[in-house]
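Structure first, then comments.
Going in written order, the chains are labelled A, B, C, D and E, and every chain counts its residues from 1.
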Amino acid sequence: MSEFLQHLINMLVLGGTYALLGIGLTLIFGIMNVVNFTHGVLYTFGAYIMFIVVQQLGLNFFLALPVAVLAGWLLGAAIELTLLRPLRGSDIDTTMLVMIGAWIAMQSGTLWIWGGVAKSVATPFPEAPLVLGPVSVSWLRLFVLAAAAMLILVTYLLINKTSLGRAMRATFQDHDTASLMGVNVDMIYTSTFAIGSSLAAAAGALLGPVYVIFPQMGDLAAVKAFAIVILGGLGNITGAVIGGFILALAEELGAGYVSSGYRDAMGFLIIIAVLIFRPTGLFARAERVG
Amino acid sequence: QTIKIGVNEPLTGAFAASGTYVVNGAKIAADEINAKGGVLGKKIELVIEDNKSNPTEAAAVAEKLITSDKVPVLMGAWGSSLTLAVMPKLMEYETPMVVETSSSGKITTTGNPFIFRISPPSAVEAAAFKNIVDKLALKKVDFLVINNDWGRGTAEDFSKMMKDKGISIGLVETMDQGAQDMSAQLSKIKSSDSETVIVTTAVDQLTLIFKQAAALGLKKRIITTGGSQNPDQIIAQAGAAANGTMHLTTFLPWFPDKTPNPEATNYFIAEWKKRGFEFAGCTESFRGYDGIRTVAAAIEKAGKAEPAAIKAALWNINIKGLNGDIVFRKSGPEGKESGQSQPNVYLIEINDGKVEMKTL
Amino acid sequence: MKAIVTILAVAALGSVPLWLRDPYLLNALITTGIFVIGAMSLNLLLGFTGQLSLGHIAFFGIGAYVSALTSLGFDIGLPGGFRLVHAPWPPIVGFVLAILIAGLCGYFVGLLSFRVRGAYFVIVTISFAEVVRLVALNWVELTQGPLALTNIPSIALPLPGFGELTLRTKFHNYYLVLVVALIAYLLIARLVHSHFGRAMRGLMENETLAVSVGIDVTRTLTIAAVISAAIAGAAGSLYAHYIRIIDPEVFAFINTVTMVIMVISGGKGSLAGPVVGGLIFGLLPVALRPVMAPEAQWIAYGGVLIAILFVLPRGIVPSLAQRFMRRRSGAPALAPVTLTETSAKEPA
Amino acid sequence: MLEIRDMVCGYGGVTALRGISLDVKAGQLVALIGANGAGKSTTLRAISGLVPPRSGQMKFEGIDITGARPPRVLASGIAHCPEGRRVFPHMSVEENLDMGAYLRRGSGEIAADRDRIYTEFPRLAERRRQAAGTLSGGEQQMLAIGRALMSRPRLIMFDEPSLGLAPNIVERTFAIIRGIRDAGTTVLLVEQNAFAALEMCDHAYLLENGRIVLSGAGTELIANEHVRKAYLGG
Amino acid sequence: MARSIAMTIEQVAVRFGGLVAISDMSFEVGEGEIVSLIGPNGAGKTTAFNVMTGFLTPSAGRVTYRNTALAGLKPHEIADLGLIRTFQRTSVFPNDTVYDNLMIGLHRRGRVRLLDAILGLPGARASERRLRQRASELLEWVGLERRAHDAAGSLSYGEQRLVGVALALAAQPSMLLLDEPVSGMNASETHRFVELIRGIRDRGITILLVEHDMPMVMTVSDRIVVLNYGRIIAEGAPEVIRNDPAVIEAYLGHGAGRA
């Protein structure tokens, strides 16, 4: 029983992590329809910014977070301006491949600059966990959970309740018509990508200290992020959050009660199963023919 | 005019960090040898190629080193699947290779007479651990191992050894290479009735495991194996969470005097620091250092830089490596045996952020 | 014109081992060739049905494992205390079985995953490949898991009257790969220029409309998936018998990515695209190796990829074909122009 | 108000407009008619900046808007209700209408305009929260018209507004169009229902193969033999 | 008129969540008849087409075509019965040429065995020749020969609608469901289209037409069914419908007599 409770707590913490990974990608992949292979690199980038600011410059942990978010925003904007804008209107596979190129180049760049040895970041949280009866959880991860919840909420409001968010959705549904409505679509493209990137960097900045920081850390994170976005339905933030928790639950119970070798397999099997039942994710958009 | 030695290591991809360490160790050895006049009156030259942590590339790189660069001998290829991929090429071109890191039992048992391994396969490590086990008073152990040949081999060989000793085996949990969250496995181990966990994986995952185990309030004795633990990195990154953990290791850079070859150890560590590398890298890089010294010794002994002669000479060398005598013994099917040397194995413990040698 | 180019290209490729003596380069060509076959099979799905499979390596890997296990034999326990023992068979049988079983997997994956489209299909294929990888990793009794299958024999061709020809040398393997590649190419070419090819294109461009004129989505896509998987399986088999060791790493995502790079950079939906893209990106690492540091090689690799797409956004072959052979039959004279891009590019 | 001189314009390899000159006077309702593929929609797209002109000149209220991008054209006072509905499929009816007022400020006035549109097209009011992509064809067309009206332009261009609308709704739509003209907004109307368009317009142009071949008052065009035969089915 | 019945629609209902798109709709279409289905926007006409062609499963009721119940059949299986539709939204294969669009449309006619196609057997080649012949005929029929080698997506709106109709004809219909075929055509073009439709009917093809162009509907239909809010409010000959007060109120408006 206590083992089960511990698994549930783990699921909660891990699910928050996954949701955080998912939301940045929901913008870029779900709304903007760019198969963003650089998502993982931006995640890694956010983590390295934390490392630089906290470990190398010796600045405050909480100060480093907004710095990482801002850096992610800038890098995202730069990627959009240099790599995506010239290819506007090419098909989705072409932009995907450009993003693959950027992923390969940037990841190797990270390796070149910082080397392959993993880094870690000191945090101001106590090392002793919070113990609640038979279960315990680390303070750092509780903080991450809270920060994730906040970022998710902010993103949700941005997309669904602001005029910018509406313009973003409109642009990616029909950019010609959006421009006829007076939307500066170039600006929307750049800012959507930048915001999505800054969320990826935020995820890296929050999770880098939880785990360790190394050049390939983003790869697995990105795969999971894609899975989460798909589970929840493209562009659906609430869906991404729920998708994150489902994936966490599948993995946690898979490892706990099936076999740890098949831990990730459980996650993937859940995805396959969900999509067979609901081919457009858990929260499908309404569509019609004719 | 130089003597070329091929070095086939992962410098990019998943194993980049470790491969780079090994290469740095190898360079120290080459420079040291050349400073002393080289071998057979010629300087040695390392031809270093990146196998991209990818078996296909590892085989291609071996092919390139042998056929284009015409190296008479190789060192490599870090991971077991990389080394295994290279092995058919060694047969094809009849060129020997010194294996410095790979631990898969298969490497020396499939009948490839061009393989000479200086790293301990898990069976050797288990055998060395046997003597220590009694003193630790183990009763029941769980395993948490990386899901590759190394982790799985360790779990298998250690279980066998412990069963013989009357110790019962509990859970055998695995984790994927690259996995970052092991909470699920650790939660399961937390609720089991064993008192000790044997953990086998690379240093990054070890750090994560210690941190996550502490966060979960897992209070069992943790012993790591494999010699890649890099305690300094663990101390630096896991902090207090690393206290009380024990590690089976093959090299003791903290206690040069206790190593089989204190002089070489001191030289190596001094050189390592001089070159500005992180001290933590020592426990990986010394294998590259030993590997090249092994190769050089064999060339010297062979009297010429030719594959067949070097291969023959490898059977006859006896040098003092940083972790024990490097003497190859026959392993594998008769007539096509590979060489395997027997390094020393030590148990250390981390206490208050310091490495202590466990006197047993 | 097209025929002449094709014949010249085949003749050029066929002559390579006669003058290229460097075994390293030949080795690079052989492994590249194997991946080109994989890329051609991926192109059948991606380029002609529009379904991007990011788990294509699964079929390649399944082919490799089937072929290796057929020729090595195995002995596994089954539920209920039974044992399944298989004595080694000749590798050529493994090759055939690899094609059949990979094709069969293609069939099941097709049935399952063609319920979903687009991004959802992408994720299902990734998931499938990961599950297969994890099975290969964890079903140690059958696959040896991470311990790898080693000592896989080379393919031997039975020559009636002469006994067997074991294809051990690079010379032999080069021609083996070339022949398999040619057959795969012809097969795909025939298929996409037929009635089935048109059905696939219809589905790719407007599925609702295609269905309304009587095109059976599942059947069409499944045919494409089966043939594609079977060809990938053949490539995997060649790989296993050439490299002669196989472990779950073969399912690595980067291998799928390599194929995707070959297809899209060369030009998806064009027959020659994956071949051209494949040769470039198969041999680029060889060319970069001597001139720069390992990390820089990857950066350059990514850079070249981006540069190609900037200059030729539709992929090398289609973009060049469009430039040099405007208004030849087949290619639409007047392509639809999506509006805002033109306004972004053309001077006002 | 709007002057176009010798405008040439096309897509990739083809030229769709081969030198068009036309004038829209303030307060007028001007109709543009022509066969399929004549270039009517292209003319509107060129004005709103979706397709950049290759040569020629466009002025709106004396200001040069040649080659201006759509947001600027809209900001200068020209709205374009595009052909083929083009609603934002995954957004609700209400959000679509709000997109029409994207450049406007003042939420009170916007809400009032929205309510006016709901009164004109009660169907849309019933469907406020429905995703626009699931509306019926005619409902989408109503939404597209409503959305264009939301921007409160000085010149509004409709591309086949009656497309797919029920006869009674067509009547209402034409009444709305006449109504906004009467209220002082200038209208440029492309219509396949040539008879209705010519009947209600102040001035009309006939486009054939990318050229203006005829222009005059609506009644003149109705009387024209060629027009009767080719466009009015008579 | 003692016609045999081609299609029967019995008590069909369609709901989307809480929204009732069609409630209890029943009518029949006779072989060789031209029937028009009209009604206000959002009345459920396209939805009815979607039910008849298998794109939607009705919440209740059944549709039978030539004695085959359509329940559970997939759209392509229904198309195989010869029941072919066009779409209200322009619908073409945008990146293929107009000619290739028709070649794809000829799918049903061009079926050959997979192996024959791959091996390029004579049967497959002869079939290809026939298809090309037929594609050219259709192209001529809709008057788009000039645009044969342009990508369909580059055509103007009205031209794309023509391609849509040609595609449906290419699929060898025995019954054709046309969803607003003349929207986007002017009166003269519509006249020509009416002739085309009559020609199609004369070849024995049954036609069910959805259209808001009243002059056209009135001239071409044998019978008209009027739908409002998913319910049939009137049914009968054009003259009857034209003067039905309920229809005038809900749909025609009072100016309908004009134009």
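The definition used in the following text is that a residue touches a chain if its C-beta (ideal position, glycine included) is under 8 Å from a C-beta of that chain, and two chains touch if they have at least 3 such contacts.
Because the structure is a prediction, the values reported are computed rather than measured.
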Least hop count linking subunit B to subunit D through chains in contact: 2
From subunit E, the most remote chain by mean C-alpha position: B
Interface with the most contact pairs, given as the two chains involved: A-C
Cα-centroid distance, subunit D relative to subunit E, in whole angstrom: 29
Centre-of-Cα separation between subunit E and subunit B, whole angstrom: 73
Where subunit A and subunit E are represented by their mean Cα positions, the distance between them in whole Å: 46
Inter-chain centre distance, subunit C versus subunit D - centres from mean C-alpha coordinates, in Å: 50
Interface hub residues of subunit A, defined as touching at least two other chains: 108, 111, 176, 179, 219, 261, 264, 286, 288-290
Subunit E, residues touching no fewer than two other chains: 16, 46-47, 55, 87-89, 154
Where subunit D touches two or more other chains at once, by residue number: 11-12, 14, 49-50, 69, 134
Touch list for subunit B against partner subunit A, complex: 12-20, 147, 173-176, 178-181, 183-185, 187-188, 190-191, 203-204, 207-208, 211, 214-217, 233, 236-237, 239-241, 278, 280-281
Complex contact set, residues of subunit A against subunit D: 163, 166-167, 169-170, 173-174, 176-184, 235, 285-288
Interfacial residue positions of subunit D with respect to subunit E in the complex: 11-12, 14, 33, 35-38, 41, 83-85, 123, 127, 130, 134-139, 141-142, 160, 163-172, 192-196, 229-234
Of all residues in subunit E, those that touch subunit C in their complex: 53, 55, 74-77, 79-80, 84-85, 87, 91-97, 100, 103-105, 107-108, 110-112, 114, 117-120, 124, 127-128, 149-154, 167-168, 170-171
Partner subunit E, residues of subunit A touching it in the complex: 286, 288-290
